[in-house]
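Shared between the two complexes below is chain A, which pairs with chain B and chain C, respectively.
What follows is the complex of A and B.
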């Protein structure tokens, strides 16, 4: 099957797959960032049990293979009478994994903020929450644009877990299985999807680089 | 009660009673007792490692203490939480490394406290901030970020940031030690003016001329203890202890 025939027959599937990948990536990344901030706040909080919980979260979800976690979410949660739509299962899995890595990025961002700034903030009477909101989180965000760009790409690639569940519409990797069970697309069927990932990643890193230059903190 | 203590001129603004602190085996503060009266400029000197910075930092509890008491206008320093934050907001602190907020402009650095802690409006906070920046001579830098300023300018901005909280007292922890020599005086000039304006000040410094010129009282610390204290002329010209004489000799001729 040549490229022309492949796209002629399955072009619409690939397009839908690309859109599904994009939308799952976008939704996942929003939750990844929110959860990463929350987990990181727990990890730096003055409440010891909260710190422990944050650490545990990161250690657990950073060290579980994506497929294993997906199986747990998709097939174990229903045992607890929690049945999620397939797409949601994939997004939940991606968010749990991604936010653990995101929190690690944030921690390294926080470590670049000098203890002196925190002391200065305390000295003018800011509370813990105010210091987080006005000093720590903004600086951590602005110093971690590049690692977060990488994370966004990783999140996108992890949505390929969607190929392991019967989602409709399928995302890019699922489309490949779909095509190859119906035709002999072979390696070409993979390459078309790969191109979708690569081009998207390219755009993400371009935007990430620009954003980084704009918000980078002078030191 | 708070009302009484703020109006009573005889209550020291800052008082330390028998303060002790250890870092592991190191006894960094030994039975330190000290009081600072309203409008007084207290200069703390001593060799490095003498505990003078630590002492300064215990006053707003950036360092905790093992035993003893610290009173601000007669009230014990709160241990933590909102009460501590409120008390800190009433004491200015200037650091060796300036510690300006790196991601905020100079103006934002100065207005953050008044807006967030004192609940001032943006306009109100900015108006006073610009007055203060004018006073310390960096008003033209208001919209730059700290990294774009010289060390001397950053330190003056940091002083303005503290003053914006209208503090009862200002602490200076070696404010000129990280500065290039040509920038030391611009910072000291601001401090001299503050002292003349009646600000209560605790200044940890190695600037002996400043101490002589501006201090009401000099405290000499060594090995975590207050070894000697007195009026600057008396201390510098006729130190009573051998430890102080040795220290003064060691820094002479520079």
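What follows is the complex of A and C.
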């Protein structure tokens, strides 16, 4: 099957797949960021049970394989009478996984600030909220631009889990399996999807690097 | 993504002043309240298990029998075999890609960079579908083991190439210049001066990457290779106990990966190097 024929027959599938991957990535990443902030707040809070919960959350979702989590969300939760649409299942899975790594990024961003700065801030009389607003959060955000760029790419790659559930429209990986079970798409059928991912990742990291250069703190 | 090498005065500790009596009371109230919320959450989950009948003994009793665990253990051996083989291949391939990129002639360097970025930018599931659906179309028949191991290895090799490159970059420039100035060739400098140190820098990161490899192997059911997950699925159809089995297997995976991560942090701590991810 040539490229023309492949795109002629399945072009719409690929386009839908690319858009599905993009939209799921975007939606997931927003929730990843929100949840990562919440988990990080819990992890640095002075309240012991919250800290414990935050640590547990991160350890569980950092270490669970994506497929195992997706299966739990998509096939085990209905046994507890909690049925979500397929697409939501995938997004929930991606968000749970991604936010654990996002929180790790924020934590290492906070840890690079150094206790000395906070002590200095306190000694010139800044209050707790002022320390957070003027010292911790701006620096933590600026040092996490690059890790978060990589996380965005990782989130996009994780949405490939969508190929494991009967989602409509399918995302890029699902399209490859769809095309190849109907026709002998050959290596091209695979390469079209792969390029969709690689080029998107390339653009994301390009933008991320630009942004990082602009806001990076040289130490 | 974390880089905890020394836990000296932690930022978390520095963030708060020594609490006064009022704050102490506030923290105590917060502690009790949040403990209650957590307990309520757990209770709600257990209740939902109970209400839907998932706590019935028939869903859990088979987990107390040795044959169940022997079968899961067989699957675990399968997982270990794939993970270690894929890890070994990725190690060699990643090193080769990195060497090609950093010290090969220009076309080789560009090609290695392209390959590295490709494998890093593509989901491992897509690579697995490639070996499962596309490769057989060209008349190549592969056992399930390789249909799983090769894509996992390729996906990891791209990441490892970058890990190795970070290790090479961490070796001080002056050493390379010194090596050139005493007349060592580029290749000899790489082999004798840079690589031995770079490899030592990245050992903890390499261990941490094993987690990713183990995670990737869980899609073995796509190619019907009997790994831990696939054997769990077989047990599920035998015992009709979906929720309990998947929950147990997920916990097993989390524990395995947690142990690997801990090992990586331990080695990093011992050798005093950062974990690059």
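Going forward, the second predicted complex is superposed on the first by the 202 of 219 C-alpha atoms of A that agree within 3 Å, B and C clash if a C-alpha of one lies under 4 Å from a C-alpha of the other, contacts with A are read in each partner's own complex, and residues count from 1 in each chain.
Note that a residue touches a chain if its C-beta (ideal position, glycine included) is under 8 Å from a C-beta of that chain, and two chains touch if they have at least 3 such contacts.
Source: prediction; values computed, not measured.
Of the two partner chains placed by the overlay, neither chain B nor chain C lies in contact with A:26. Residue by residue along chain A, chain B and chain C are tallied for touches, and C comes out ahead. In the superposition on chain A, contact of A:136 is made with chain C only, not with chain B. Applying the stated contact rule after C-alpha superposition, one finds that A:72 touches chain C and leaves chain B untouched. When the two structures are aligned on the shared chain, A:34 is found in touch with neither chain B nor chain C. After overlaying the two complexes on the shared chain, residue contacts for A:50 are found with chain C alone; chain B is out of touch. Judged by the touch definition given at the top, the superposed model places A:207 against neither chain B nor chain C. When the two structures are aligned on the shared chain, A:218 is found in touch with chain B, with no touch to chain C. Once chain A of one complex is fitted onto chain A of the other, the partner contacts of A:119 extend to both chain B and chain C.
Taken together, the two complexes place residues 113-114, 119, 122 of chain A in contact with chain B and also with chain C. By the touch criterion given at the top, residues 113-114, 116-117, 119-127, 130, 134-135, 138-139, 142, 217-219 of chain A touch chain B in their complex. Those residues of chain C that touch chain A in the complex are listed here as 1-4, 8-17, 19, 27, 30-31, 34-35, 38, 48-49, 51-52, 54, 117-118, 120-126, 129-130, 133-134, 137-138, 211, 214-216, 218-219, 229, 242-243, 246-247, 249-250, 253-258, 261.
For chain B in complex with chain A, the residues that touch the partner chain are 60, 62, 82, 85-93, 95, 97-103, 112-113, 116-117, 145-148, 158, 161-162, 165. Those residues of chain A that touch chain C in the complex are listed here as 43-50, 53, 59-60, 62-69, 71-72, 75-76, 79-82, 101, 104-105, 107-108, 110-111, 113-115, 118-119, 122, 128, 131, 136, 147, 150-151, 153, 157-158, 160-161, 163-164, 172-173, 176-177, 180-181, 184-187, 189-190, 193-194, 197-198, 201-202.
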